[in-house]
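Chains: A, B, C and D, in written order; residue numbering restarts at 1 for each.
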Amino acid sequence: MIIDSNKIDTHNEILIQSHANKLVFLASEIGETENIVQKLIDFQIAIPSWALGTGGTRFGRFAGGGEPRSLEEKIEDVGLLHALNNASGAISLHIPWDIPTDYNAIKSLAAQHNLKFDAVNSNTFQDQANQEHSYKFGSLQNVNKAVRKQAVAHNIEVIQQGIALGSESLTVWLADGSSFPGQLNFRKAYQNTLESLEEIYAALPSNWKLFLEYKNAEPNFYSTTVADWGQSYSYVKKLGDKAKTLVDLGHHLPNANIEQIVSLLLMEDKLGGFHFNDSKYGDDDLTAGSLKPYQLFLIFNELVEGMDARGMNHAKDLGWMIDASHNIKDPLEDLLQSVEAIMIAYAQALLVDRKALEIAQNENDVVRAQEILQNAFRTDVRALVAEARLRSGAALNPVGLYRDLAVRNGLIAERGLKTMATGL
Amino acid sequence: MIIDSNKIDTHNEILIQSHANKLVFLASEIGETENIVQKLIDFQIAIPSWALGTGGTRFGRFAGGGEPRSLEEKIEDVGLLHALNNASGAISLHIPWDIPTDYNAIKSLAAQHNLKFDAVNSNTFQDQANQEHSYKFGSLQNVNKAVRKQAVAHNIEVIQQGIALGSESLTVWLADGSSFPGQLNFRKAYQNTLESLEEIYAALPSNWKLFLEYKNAEPNFYSTTVADWGQSYSYVKKLGDKAKTLVDLGHHLPNANIEQIVSLLLMEDKLGGFHFNDSKYGDDDLTAGSLKPYQLFLIFNELVEGMDARGMNHAKDLGWMIDASHNIKDPLEDLLQSVEAIMIAYAQALLVDRKALEIAQNENDVVRAQEILQNAFRTDVRALVAEARLRSGAALNPVGLYRDLAVRNGLIAERGLKTMATGL
Amino acid sequence: MIIDSNKIDTHNEILIQSHANKLVFLASEIGETENIVQKLIDFQIAIPSWALGTGGTRFGRFAGGGEPRSLEEKIEDVGLLHALNNASGAISLHIPWDIPTDYNAIKSLAAQHNLKFDAVNSNTFQDQANQEHSYKFGSLQNVNKAVRKQAVAHNIEVIQQGIALGSESLTVWLADGSSFPGQLNFRKAYQNTLESLEEIYAALPSNWKLFLEYKNAEPNFYSTTVADWGQSYSYVKKLGDKAKTLVDLGHHLPNANIEQIVSLLLMEDKLGGFHFNDSKYGDDDLTAGSLKPYQLFLIFNELVEGMDARGMNHAKDLGWMIDASHNIKDPLEDLLQSVEAIMIAYAQALLVDRKALEIAQNENDVVRAQEILQNAFRTDVRALVAEARLRSGAALNPVGLYRDLAVRNGLIAERGLKTMATGL
Amino acid sequence: MIIDSNKIDTHNEILIQSHANKLVFLASEIGETENIVQKLIDFQIAIPSWALGTGGTRFGRFAGGGEPRSLEEKIEDVGLLHALNNASGAISLHIPWDIPTDYNAIKSLAAQHNLKFDAVNSNTFQDQANQEHSYKFGSLQNVNKAVRKQAVAHNIEVIQQGIALGSESLTVWLADGSSFPGQLNFRKAYQNTLESLEEIYAALPSNWKLFLEYKNAEPNFYSTTVADWGQSYSYVKKLGDKAKTLVDLGHHLPNANIEQIVSLLLMEDKLGGFHFNDSKYGDDDLTAGSLKPYQLFLIFNELVEGMDARGMNHAKDLGWMIDASHNIKDPLEDLLQSVEAIMIAYAQALLVDRKALEIAQNENDVVRAQEILQNAFRTDVRALVAEARLRSGAALNPVGLYRDLAVRNGLIAERGLKTMATGL
């Protein structure tokens, strides 16, 4: 299923006058808009292949219909999103869930949809059929060297898959840890993990990055071997320049100040990228911006400030990816909402009056500093995000058009009602 | 110090054109604005007498200057706020910090500033000089009946003070609890507290309410005798119709869903009112809306829906009060920011399309339900709040005018640099 | 597989001298032991049928071997546990996972193992094949009356199953809630749930209890419709005397004081029973006592004190059940460890010098109160628990004997390596 | 007031038989005890000068009587503790609260009580009278260089004080941070702090250590500039070998795995020492071991394992200190309880069968690993701790003797009822 550009044009024509009014007003309020709109056009957020089907919890999974049955259909789904919002121009694959059978065909299909291959993800948290050793007691940390070797080899194979597709980064998320006191020697688990990571790192092409994700808990419930930003930082410092920390917004203890972590990792040149989602209790994997939109803005505020301070390219120098799971929403609608929320937060962060903020900070004018940030946050920037879509041929209202075109019904008609996406 | 209405007019004249542009645009976006503006004009948030000076933590206190040295000066400070925003038309007193010497004079002074006396607050968490029994081990819960009697008598005296001033509610916040396992028999502590509350309740005038506040922890660090909404609810159910639960936003365990609590207390006709503030870690007592503005909106969303469902008057049927502490901001600027944030959240909640939301809920259309709420939240309603101020003779930009008039310098000139507000 | 009593005797003979030494010493320290040993003999903890296989997380499941393939084999497994510890004399079934085909045969099998049927558990958090309506958006709370009716009918059917087996209680755990703001009208969800519960309650036999479990989060991640003890309490108060609150130790927000909740529910005659487990981050479902053994003791301290104050029978008047999930331990070993930890906590609580504690509390002697509790907790009571087993024909060291007899290997030989327990 | 050794002997004589029985039994259970007892004798825990008076919260402070009025009386108090338990042979001073007037006299007084001077603590979280610049907006992080210089100079002065007394370490705890988003540029705050720390580090004598404490929150409630172990680690790595991280048990986000942090810091040679206390909600500063004794044991389990792996001396190579605050206990009784709990946890950790644990870990035998740890924890080691006291001339039951001798009454008689300790 492909969304015809005529349909987008028709959709936009209906909304254009209302949109133009908003944009004119906004321009009158904030002055220059061109620079922001261009940055929004350039900003692309990768879609993980596993977010295209209905995720679930350990208690159950309530599948929708028309879920992608193959890598080809996953690419098609991301293509639909990108056609609607022109901000989802990349897909992030999970190996072994998404191993292509024909690389050229897959690359050609992605190119048709204007999609790149973002970071490839290894999986050593589940046992695959016919796998020699089990990861029940960890992978890169395992006390058994043979298990570690198997896990290292898998990661190296994932790099090979990524090279074949044109990816330039490997994301390593480890479920490794322990569920009971005494189970692990923390120091040896760390050292085994470091040794394994060094072997993987050695297999990275020179233009690649290794993103080491941290997570406070789950699926292990006593300790995790890469549990917080400090632990990830201590590993990537030892590994080398190509190793960076990846921040998943849902992987923190309650009340953690994530934006400060982001700022410090940027300062140390050790921030690699993001997994966006939102959460209230743990790694809830909810739609980005659905619960804590101000936190999302504050994170982008640090990103814009910190990347600019280092002369970094917002669109290219960090990895931007969604990592969410959608048990009760249509996955494609959910992803459209996540992308929209991220773009809004980015636009608001671009609006912050940095010179005034620096002055307020230097004067310890806390009231004024709050006003400067909240002024940006309270500004309704949705027209800017819509304008970026309009200019690049996407829809003014992606969810609206998705519904008007009954895309889900079309997918069900093509793929069936009882399909279930491969992977999680 | 009094802010002359001419100064407000002059201030407004400068800003009126820009304001009018925003308002016109907003009206074109949301349709009708009159009803919302009128509700905003009617909505008043009480200022606690103890928030007018610099609060602090157990580690230190960094006083500003010009803090009010007397109840009269506290009333004057609230009068300044009310002149600036016309939304702070009440003061909430703390006994024994704020006992008037001349009731008629105090009432007359308050009337000059258009201020009412909101809930009176008792204090059994500190020992006062010359107090016979100590509250070291609790007040209404105390194992010693003489201590309980003293605490009950104090509360009854506070009611008398309130009657003399025209208050119509008593807020009871208890520090009672324990810091170590074994210290308390929880059941007996509950029963003693209930018995004490019954005696206080019996002394309430027929038109009064008793607000029973709950708090998860601090200053006791193992248990608190009115620790959560369920405990407060179980007391107020037993006490009678005049007893209600008071919700302080900072008094919950991490990740609590406060808006659900609000909805259920309203359903049970047991919600009494609010102490507004914001927090990240515990009872941080930060400026309302400074950290979690979306949560504040979601709470108001439940309030508007639930109060309308019961036919309640938004402005009058619940108690609205700030309870914050300002160690690093000018207290008056901080209160202006808190009131503004509350008014914005209220205005956004009034904007929610309730019919559409009900339809989305009935269709389990989660995506649409989120869009409806976030559409209201993302709308920039500041012009509505400003218009409410403009129509009632207050300032379009209260913090701006406060600074332009150098009010703090004026207060320092009058009161001195080293003053320290009475009370906390 | 059945453990021959001769094997237990042989095992005990080897350990008896060492055990006797410990017991003699302990008796010399604490004085009377008979009363405590008898209470420990009488105390039985129900085993949930779903804990006999390897549980898992949403990320994966690492099955062991020899898992029970049928209700009969589940009963056999609990029989093994009970033979080893004589403290697991009941099984709690989950419908529809454990529907018997022949009630008399099942009852007879259970009787052979000296097992009773504890609370039956309904399941409206998953969709079963051929189910007319989905629980994707809740069951008893659902906006669609037909879904609610189906869920009510299921619960009534579970009661029927329980009656046929001799159970006397129904445990209702609801996944109902919402994952996004706006999804639910909290008040209507409450009212629908209450109405549904009233219909279920009406179907309870006169000698039955309905246990209403609460849970702060998961699988819904924004709100839960029976989210905390206060909400459960408000429902069971409205339902009637047979309705009680069930406390699962893992279902609370961080830092909740569970022992206080237990004390207050007992005071209100609204405590129904327990699901024992341990956790660090959320509903981790780890082995009881594996992470917070002092908390477990403090809970039993309240139970003993509160039940004695009401003249309740420790063994019979509340429901005692384990609810854990064992991804990396042999499930049967894990259950033996959980039962042991619970018995130790109970024995320690029985040791508390209640008169001295009451005096310390009345004197606000916090130091002494702590010493009294910690004296009981620091006493090594394992010999008391072992003695209770010895006297009732069970093993002095259940895990040791389980391993010596290579029970798991026997089960694998009987049932195969790749079996997977039905249910979760 | 001094406790005569005759009184201790008399006390011990009464208890000796009961104690001997326990010790004999314990020796029969665990085999060798001499090695453990000797390690317990050698282990000393420093007492902070500010814990000798009644601490409090921001809500109030309920002073006891007989609190030390001077540095001399604080030393006398620690001398009392050390006489009673022979495990508190050091005092940790806080500058400027404890500046000596006569160094030789103070050193001589300490020597009389067999006390050493442990780490000295600087204070840049409060403003002192006559201080030129305020720390309202931070000290080492301050945007104003003059403030930073003042704070650096203060720390250097504290080092000088420490040198004069024979201390060999400086503990830097910074309240620096921010309470509102926007207030700070996190990166610049980090860089200012690092630069300031480098200046302080440069002033350290060669045999000194600098302990950099971290804290998640309070008194700043949005961000803290040394907020977690990872941030402290990143500073001390840059500073050099003499800089180490100090772990205060109460300074973590909810559910943090502190024992893993301890293990990793030891591995990195960056663990400096501890501030012991216990807590449920935040930095509650309760008696060590009063709420989470198993966590305290797990931390010591890592300490013993990790220090042995590095060949470190348990007693000397890390800094051991209590940091608690006692609003409702007699401070001296509280400190005796804290020291006892720490010694018990240390003794239990020494009991762990490390070879068996290593085997269990290498076999992924999680059940066995748990049993090994819990076997040590459930063993009643109090007689070992008592024996260590007995052998070194201290009391078998320190709290008991303290009460028998009515020490507090003696102190009140000497110092008065209304004294209030200097400092917090």
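Here, a residue touches a chain if its C-beta (ideal position, glycine included) is under 8 Å from a C-beta of that chain, and two chains touch if they have at least 3 such contacts.
No experiment lies behind these values; they were computed from the predicted model shown.
Could you tell me which chain lies farthest from chain A when each chain's centre is the average position of its Cα atoms?
If we average the C-alpha coordinates per chain, D ends up farthest from chain A.
Counting C-beta pairs in contact, does B-C beat C-D or the other way around?
B-C
Distance-wise, how many Å sit between the C-alpha centres of chain C and chain D, to the nearest whole number?
39
Please tell me the distance, in whole Å, between the geometric centres of chain B and chain C computed from their C-alpha atoms.
The answer is 43 Å.
Could you tell me which residues belong to chain C and also touch two or more other chains?
In chain C, the residues touching two or more other chains are 136-137, 179-181, 183, 216-217, 222, 254-255, 257, 280-281, 287, 290-291, 294, 328-329, 364, 366, 370.
For the complex, which residues does chain D have touching chain B?
55-60, 62, 125-127, 134-137, 175, 179-181, 183, 216-219, 221-222, 254, 279-282, 284, 286-287, 290-291, 327-329, 424
Which positions of chain B touch chain C when the two form their complex?
136-137, 143, 178-188, 190-191, 216-217, 222-223, 227-231, 233-234, 253-257, 259-260, 263-264, 266-268, 294, 298, 301-302, 305-306, 309, 357-358, 360-362, 364, 366, 369-370, 372-373
Note which residues of chain A are touching chain B in the complex, please.
21-22, 25, 28-29, 254-255, 257, 280-281, 287, 289-294, 328-330, 333-334, 337, 344, 364, 366-367, 370-371, 374, 377-380, 382, 399
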